[in-house]
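Shared chain: chain A. Partners: chain B in the first complex, chain C in the second.
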Partner chain A sequence: MFAAFDLSTLTATEVLLMSRAFLPAAMIVGIGALLGRWDACRHQRTLMKLIDYIFLPCLAFYALHRHPLELGEIWQICSGVTLVILAGVLVGLLFAARRPGWRGSNLVAAAFMSSGTLLLPLAYALFGSEGLAKAFYFHLTVLFWYSTLGTLLGERRPTFRRFLATPALHATIIGLFAATSPIQVPENLQEFAWLTEKGIEITGLGALPLLLINFGYPLAHLRLKFSAAGLSGALLRVVGGPLFALAVIYCYRKLGWFSLTRGYELLPYIDERTSEAVLLLGAAMPSSHYALRLGAGGEVVADEVDAATLFMTLMGGVFSVILVILFIDLSIFD
Partner chain B sequence: MPEVTRNTSPSPTPLPPPSRGGGIVFLLLACCAFFLAASLPVRATAGEKRPVEVAMILFRGETPSEKGFRDTLSAAPGYRVHFTVFDANQDKEKLRRIVKELDTSRFDLIYTFGTMASQFAVQRIKDRPIIFNVVQRPIEAGVAKSWDSSGNNATGASNIVSMESAFRTLALVMNIRKLGFIYYEKDPAPLYQKVDIEKAQAKFGFRMIDAPVRDRAAIPAVLKKLVSAKVDAVMFPSDSFVKANADLIVRTLNRHKIASIVIIPEMVKENGAFMSLGPEYYQLGQLAAQSALEVLGGKKPSEVPIKTVQNLHIGVNLKTADKLGVNLPLQLLSLSTVIR
Partner chain C sequence: MQLISPEMILILRAVLPSIVIAVLGFALGAMDKNRDLNQKTVSNMVYYFFTPCLVFSSLHKRSFDFDEFAVIGGAALLLIAVMTPVAFYFKRRAGIRENGYCLPIIFMNTGNISLPIALLLFGNEGLAKAILFHMMNIMVLYSYGVYLVSGKPDLGQFLKIPALWATTLGILAATTDPQLPQWVKHGYDIVNKAIDLLAYGAIPLLIINLGYSLSDTKWSTLKDGVTGALLRVVLGPLLAFGVVFGYRALGWTPASAGLDPLVALNFRTTEAIIVLNAAMPGPVMAYLLNVKFDNCPEKAASMLAVGTLSAVVTVPLVLNFIAVFIVS
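Take a look at the complex of A and B:
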């Protein structure tokens, strides 16, 4: 079903490309953490607003305005993410039944992954614009579940309306409309349209380092505590997540929803493998920042238990993400 | 190891007559050989290989496709194949002369590389089977009537590329708004590809900048036009003239950070082109050899359908990608031949 995970088949070029994606991302997160320390997180809200209202919508449009709309692809990713989240929540609830400290936002931190701040830049760096488009579907699905199920688990009122008002969602819809619209730009306006597109592209790509900085920004202020809840939450997130995703991919392949047939047209094959890769990579991401905000009652820095889960998933994520990238390269893109 | 004779002149030089000196010695040796052979046990003749003479008419020297053709044919059981190469060295007139003056009675098969050589051969040679290779549009070029049956004495392999597939693959690495198409205006083959690119414009949201080249001297002016038009990439057809001048063209494009997309895979390694989106030439040679074996087995060339490769081959030059600042996705890399 999956190609053998044989590290001896790894080529120097592959290692080089993976390092090029991973190391700069890790460095930028580190820079973000340093900035957060110097600023005492004073500019977190400004940074988040810039990202949410300007950069992320531009990135969504850039990722999707030339991406063919395929309902099958959307279904594969959205249902896959849903299954991974639900499996995480289910196992989390089983934990929570035994440990009282496991309730609330800590459960959210264990079940929900960082789909926006970390997955989007990494998916672009590793899988190009194709990966970015799929990562957006992933991100929006996570946002949907967070604003409904996540907030309920966090013992707060669902924020589904806020989800509908997300600028990135609107930009996604506009991008998909632009990709499928049969309307042709008149010849005399084409240069202007391309210039606008170029501007959006530059702004959108500018979001990638900003997202990583935004992830790193509050990390310096985490109140570290190696609690048992933090450790088990982290294990569920960075070990359980990829395992759930692997199970989903395995089932989808068995059901024929992910086809393994290679024809003259390699694109459908590449496309399906990329969907699998994004699903797996996304599932291996550290905890979502939303959990932090949720636990802190809308504030930036959360309480100790959530912070411990986030911190532990971050530490574990370094290894799990590297391992998952290697697995993707060797066993999925065989 | 295949037997190969390289012939640069159009008609083969006749062999010198045997010497008359030493007749008695020769007679004695022949008698000895006869008695020796008669005393040995008789071997079965079923294992004997059928000699096959193949004339290879090439336009721009040997490519991996000729190697694939030769390797497959030489490895086929039951045949002892001898290849005679006639290379036009990119001279159209010389190519015409080779085809015109070729003594076809000496050969069992005629192999041709490229559209032009195949067109000349099909027009001129009627008494021997022709195995063509690397002919992108055999029907439009008049080499065959249809993909299933040529309707004449030719069959072979085509390097046709699905433009849709090529553009979708390209979209994995870059957004293209303006695409230059550079080609030799006297070669008919690229014009078919140009029509395909024009058709793809609306679907993939780019504009094609037409860049025909008259001769080598005109190349700098054409490149200047492409650079000033601010094209995102330039596509090269499977065109021997462009291949011959690829060093100059690709170097200039790389300097201006313009991606060069080629159909001929060797151009990625030899000329530093960014990406190749076309069939592997060695594999094309193997396919042409399979057609040749079918013909040698008794089929008429018109009964052998024209073959195409089953997979699009992607080649990427990593150094050029770095120069252009293009981020290569991992999934593309896993399916590509990477030149470092």
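Take a look at the complex of A and C:
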């Protein structure tokens, strides 16, 4: 089903290419942490406002307005992410039943991944614009489940309306409309349309470093405590997540939703492998920042349990993400 | 039927994407009634991380030409030197005592507006030249400019400019080729990749910050800044054309195309960058210095707002003049 995961077949060039995608992102997260330390973490709202209202919508539009709309692709990614999240929640609930230390927001930290701040830049660095478009479908699905199931688990009312008001969702719809619309822009206005797109593209690419900085920003202020609940949550996130994703990919291949053989056309094959790779990579991401904000009642620095989960997923995530990238290279793309 | 001429399209190419981004920043500011966005944080990020990365990223990839730096940096110095007595004359005429009034007239906004236009119009070559001009402008702003508003020289402040260090490192990286072990070179490539990624954020953040600032402008205060702003955006490019033609007369930049069209194109780009930068309104940093030293900040804010708004008209005009008198 998957090609052998034999690290001895890995070439130095492949390692270098992968480290060129991963290490710069890690460095920028470090800069974000430094900035958060200098600022005493007071201005996360400023960063989030810039990202949520300007940069992320521009990135969504940039990623999708030239990406062909394929319902099969959207279905594969969205259902895959849903299954990974639901599996995480179920196992988390089992943990919670046995350990009294677990709380709702801790469950969110264990089951929900950092799909926006980390996955989007990494997917772009590893798989280019194609990967970015797929990562956006991934991110929006996570956002949907967070707004409904996640907030419910966090002992709060679901914020589905807020999901519908998300600027990135609107930008995605506009981007998909632009990609599929049969309306032809008059020749005279094509240059204007192209220049407007150029402005959005410049802003969209500017989102990549900002997202990473935003991820790093609160890290220096997490109150780390090696709690058992934090550790088990972290294990569920960084080990359970990729394993669930692998199971989903296995099932999809068995069901024929992802083709097994290369066939005559190489491009659809690469496209499906990229979908699998994004699914796997996204599932290996550290905990989402949303869990922190949820646990802290909208503020950024949360309870020790959630913070411990996030911090430990971050530590574990370094290894799990590297392992997953290697797995993608050797066993998915083969 | 072609509604827009090819020359106009060329100019639009340079300014429209920037205007789109500025409008996004303006819209964010208009929506943000409580002014939740901390502009100081954004400015700090741009100042300490993004702009130095942009400076290093554009300088280290191309060869450094000292003559080119002398031509561009010399022009920036000359423009500042000529604008200084003009600004002081108008300050005296307006009956204002504070030197802070002069800063937005003397100095140019060579970061927020000029860098993206240079990149879009002249590519990476144009961006690198614009950065050389920008460096000279901010070096003088942080030395002489600080002296004007504080009344005492501050070398410490000058040496703390992150972009200054990025320029030095960028020039060093461009001019030296040390024999390093392979693993160090790989490490350097990875750091460069991170710097390039950070540089992506510089230009949109610079423009969004500007658009956000403009959304808070009080229209009733604008009349105070009309004279200073017009001096900056009208007299500035006129003087720059004088400098460019002076250079040609002195033979520092060749007037004719010569045998090598690439060399001629390089000189024309240099001239265009000088005129473009001279046409910029006053810099936001001048306003911030005025605020810091409480030296006429209201008038400076008004000048910046009028200058930036009028730049929507004057910059395309100046680009048109560049196309007619310099590039063609």
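Annotations
Note that the second predicted complex is superposed on the first by the 331 of 334 C-alpha atoms of A that agree within 3 Å, B and C clash if a C-alpha of one lies under 4 Å from a C-alpha of the other, contacts with A are read in each partner's own complex, and residues count from 1 in each chain.
Please note the rule applied: contacts are C-beta pairs under 8 Å (C-beta built on N, C-alpha and C of every residue); 3 or more make two chains touch, one makes a residue touch a chain.
Being a predicted model, the structure only gives us computed values, none of them experimental.
Taken together through their common chain A, the two structures put chain B and chain C side by side without a clash.
Applying the stated contact rule after C-alpha superposition, one finds that A:L260 touches neither chain B nor chain C.
In the superposition on chain A, A:L17 contacts chain B only, with no contact to chain C. Shared-chain residue A:L90: touches no atom of chain B or chain C.
Of the two partner chains placed by the overlay, only chain B lies in contact with A:T274; chain C stays clear of it. In the superposed model, A:A247 lies in contact with neither chain B nor chain C. By the document's definition of touching, of the two partners only chain C reaches A:T46; chain B does not. In the overlay built on the shared chain, the residue A:L152 is in contact with neither chain B nor chain C. Residue contacts after overlaying the shared chain place A:G206 against chain C, while chain B stays out of touching range. In the superposition on chain A, contact of A:I28 is made with chain C only, not with chain B. After superposition on chain A, the vertex angle at the CA centre of chain A, spanning the CA centres of chain B and chain C, is 80 degrees to the nearest 10.
Superposition on the common chain A brings chain B within a closest Cα-Cα distance of 9 Å of chain C. In the superposition on chain A, the residues of chain A touched by chain B in one structure and by chain C in the other are 125, 198. Interface of chain B with chain A (complex): residues 162, 165, 168-169, 171-173, 175, 177, 202, 204-205, 207, 308-312, 314, 318, 327-335, 338, 340. Looking at the complex, you find that chain C touches chain A at residues 1-4, 9, 12-13, 16-21, 24-25, 28, 31-32, 36-38, 41-42, 44-45, 49-50, 116, 120, 186, 189-191, 193-194, 197-198, 200-205, 208. Chain A meets chain C in the complex at residues 16, 19-20, 23-25, 27-28, 31, 35, 39, 42-43, 45-47, 49-50, 53-55, 58, 121, 125, 188, 191-192, 195-196, 198-200, 202-203, 205-210, 212-213. Of all residues in chain A, only 11, 13-14, 17-18, 66, 124-131, 184, 190, 194, 197-198, 201, 262-267, 270, 273-274, 277, 328-329, 333-334 touch chain B in the complex they form.
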